[in-house]
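Following this line, the structures themselves.
Here chain A shows up in two complexes: once beside chain B, once beside chain C.
Moving on to the complex of A and B:
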């Protein structure tokens, strides 16, 4: 190899790095906010929904004159594909693009390893959807969870099943951090309330045939089934439970309360209950949001859209309150969130940076859509 | 290769440029120069690039180690392994459990992790010695899933949430914790894996694998101990995988069963096949493509995996035996 070739090689590598290192922020330049969401993979529907809602919020803020006296918000998205390793890549990329803050976080398992990255880079992070209790000890102090945690949902679930007069409950999860966490919390709370967990099962992601599981559940004498994982597989399970004559109550966790559940489960989803974070349809303050979202994206906002929208608005509020893009000031401002009313209700934080109230509601499937359940 | 074979005129037709490139790498003198250049690039890169580039390259170097390990099993010995992530998992979990729950020092835990991986290699190697091709693939696939399911269900492995807060290793008071530190750790591992692969390829064992791969019965008739040779491939492959897993676990600080799924095994196998089975530079190239491809396509957001898949298909259409295939076969 000649010297010239070697030099050329080095030069081209250097050029590659320069191209990859991104722009430097100046005072009049836009404020970059990272969006961490799974825009590919099995949870892409939710990820896209979050990205849309955050985009809508950013557009509204920009239309009103931006932040800190006229600086516009630009968004960069980091696709996590709901996979821990890809999340780390996405988070490192956002961190090296010098984002002022990050909004997002859908899959808890994939969000957990990113906390350290944002912590080390000292970037404020508003976690809008991920709500596993595992995230709480992993939080270095810069992250804020605006969704109620799994413990809150477990409590809502236990109250609901007990209110239905159920004693024997079957709990099915998908073995990932989020659904197993919720399943464990519900099991413990259900036993603590003096009831019986007749079956505690898990299925693999992407499984198609649940006949063995259905037989086991029926054999266990369960009066109700609680599916704690996501809608894509939950829909199939519900369908097969009903096809094989399961008559009891079926309830699903907040990973399954998408309207798409009705596409997959069909008529079997009628009368299925879902625990839900405050989705747009059930929020009186969200009427304008729904119509704006519908007009812009030609589809109804999904279950995490209001929280994602709130997350962006909260971040913007905190930046304005901090009066600068200084990370410490923004983190301090977020911590002092004072219970102001947002789309999905008031936000203030516990000392662990989790939402200071439970925001879960119970929904019921009726005529192919979710309605608020009134006991 | 010890004695470079001249490009045979009756060999597979190749493009002029590719031919010259491959030839450049196969002549010993030029290869030394190329090694030095690559080593220099490897050393200076993190100082010239952003943290993101460093993290991605660290990931790519991890895959280089894993792919070179699988290459020993698949490329050298010709044993199709669809559960390679299991060895990766054994290394990672052994370190996680020993350091976190038994208070071992990271460095003291490494021999145990390697031992556990070697044992896993014997466990998978033993029953599969009589199997060939499709059947072997099915058993290894099963083995991979068994390891993952075990990790998911045991209390000690932390169930589906896995283990978190794995302590960072320190070396003489220096804590390995920044992304640049880990970059150099993985760079060193990749270089070691490269040298080991090269030595294995040239060794007596490497020749034995070649014969076993081409014709097991003939090889046995020639006096090669088929059982020992195949087991050696599994154990050596397992140790490569475990080394990757050991440092993967401390790099991420948290491991969960999802990181060791079937998809992971397929990704590693894909890198090996894509680059060129049995050919070390090909395998390294494959590892880089598999990791960097989806990252470079991040601009396309939701379309990136589709575009990546199409690119992979095109590569396999135009270079069916890999980008940089082995000549000897």
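Moving on to the complex of A and C:
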């Protein structure tokens, strides 16, 4: 599937390129863009989704005549496997292939160490999904986050739980940069709002048995559980919580709002809430995008597809605005993003290069799929 | 929840976890007993067993449904398939190395582990596979204590498998041969025992038990992936060492003790759940320091 998608991508961009090119001048050279995404490993579903959406954006740009007066975009992908070590290898490889810019970045833990690599190589980087606040101080100045950060999500979570009349909250994370960051931010915000954190727990990635943890949560008198990590283990936790008769509210962070959560947790996922970035289904502007994506890849776009698509489009916009492939000019152009409407809403940046607004929505699991929650 | 309820609940949970550890630990200990090899691929046979059980269930669920009956048949199919895989692995990877230094065969075992893991990685694309069953969430509620029917069936199945193994080893001809080979291979050969066949049977049974644990874990937890064998392989090894590696009853005991330790370890005051594994492996170190032969192991001069 991955290889086939990549090959298809290369074949289609190559075909377009051949059709457009006459004699090869420097002006006709393709513009190489790196795509950093986890296409294997536990988060592969999201990674392939991002790769698809970025490929779709690149194909559309190429079909309209490319960038800088006719230069086509060629994509090269680097698989991070959501693993800090593998992501460093992938980023080094992309940097050595002299990419003009990099789009992607999922799993904050795996994205963080790549910031230095792209910073040293002075490559503009549009981070489309990773949103830990720990990325902000690690950013050498060349990276831009178009997803709202963990702090925005923590605020959405606190407002949601408080609105449900909950006082005692159990927070569970997995000890990686993303889920720990979200857990810490939520704990602090929850306490600051005058409520009680009755359990603050941690589970090992890949662990299957959460029975002891579930007992501890039940024993703590928690009225709600907030899982801040990813869907694969989250699905197991939700299942075991409900199996053991936990009746309270369960909510999961944006790493868990995949449709696959319903596969793993089954009926237990009914009535579970999720905080989500703007997914295609809830975006009025995304109708055309959904049908194009569906037609091309024969599957519905996943939660990060619109952001990934926007990331590629934003990078292309910045290259055209810079008028060259010069890194400093592109970084300057990205920084000047002016609140223009994209698929997932307007993009403009704070001085720390984070999105200048919160884009989180609350979803509820109903009949095996996510629907927009209306309080 | 009173401390009393909480104690009973952890006891029940510890038993479930311990049953998985014990079934996997048995394979470690049997193989070690017979050819003195720490079969590091054993955790991955557990993973392979989970996928084989998943495949088996999709085959039979049309006829038998995806309830306990279907899962039971799928489990038998998985035991058969992975048992045969265990024998093939022994033939191809370990048999030619039996005369080689012990370190070489240990490295071969690590290689087999990587081969199985990466084969599963490329076949599944590294994705989680949902193990869909029709098992309900029902159970016995005694006050605050909750034990699901699934847990009861699971522990009972594990107990039946372990009793069957104990009977096989202590009462049958092949079981006797297995114990004899564990003590002195050369002498057995001289007395006309087909040592290769006994080793093959040992691998078949050990791998089959791992597959049984894998299938049950898949059905119980609801999702399987290529890396699921790593942590449990490590913990089952710990269980085998605690019980005394090479001893079958030791492996069962070690598995149950480890399951209980983990379950209670999460609840030690002032120590959070993040310390659970530290606690588990600290016990392993203590056992190795103070009783290197484990609880039921016999002392032997040469050790790996």
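Simple rule for what comes next: the second predicted complex is superposed on the first by the 348 of 375 C-alpha atoms of A that agree within 3 Å, B and C clash if a C-alpha of one lies under 4 Å from a C-alpha of the other, contacts with A are read in each partner's own complex, and residues count from 1 in each chain.
The rule we apply is simple: a contact is a pair of C-beta atoms (placed from the backbone, for glycine too) under 8 Å apart; a residue touches a chain by one contact, two chains touch by 3 or more.
What you are looking at is a predicted structure, and each value in this text was computed from that prediction instead of being measured.
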item: Chain B versus chain C as contact partner of A:193, first or second or both or neither; value: neither
item: Which superposed partner A:203 touches (first chain B, second chain C, both, neither); value: second
item: Which of chain B and chain C A:93 touches, first, second, both or neither; value: first
item: Partner chain(s) touched by A:236 [first = chain B, second = chain C, both, neither]; value: second
item: Partner chain in contact with A:175 - chain B first, chain C second, else both or neither; value: both
item: Touching partner for A:356 - first (chain B), second (chain C), both, neither; value: neither
item: Partner chain(s) touched by A:40 [first = chain B, second = chain C, both, neither]; value: both
item: Chain B versus chain C as contact partner of A:219, first or second or both or neither; value: second
item: Shared chain A surface residues [contacts with chain B and with chain C]; value: 1, 40, 44, 81, 175, 202
item: Footprint of chain B on chain A - complex, ascending; value: 1, 6, 9-10, 13-14, 17, 20-22, 39-40, 44, 48, 77-79, 81, 83-86, 88-90, 92-93, 95-97, 109, 112-113, 116, 121, 132, 134, 137-138, 173, 175-177, 179-181, 202
item: Touching residues on chain C, where the partner in the complex is chain A; value: 1, 6, 9-10, 13, 16-17, 20, 121, 125-128, 130, 132, 137, 139, 141, 144, 146, 148, 150, 217, 221-223, 225, 227-228, 230-231, 262-263, 265-267, 272-274, 276-277
item: Residues on chain B engaged by chain A in the complex (per definition of touch); value: 24, 30, 33-34, 37, 41, 45, 48-53, 55-56, 59, 152, 159-162, 164-165, 179, 252-254, 256-259, 294-295, 298, 301-302, 304-305
item: Chain C-touching residues of chain A, taken from the complex the two chains share; value: 1-2, 40-42, 44-45, 81, 175, 200-204, 206-209, 211-213, 215-216, 218-219, 232, 235-236, 239-240, 242-245, 260, 263-268
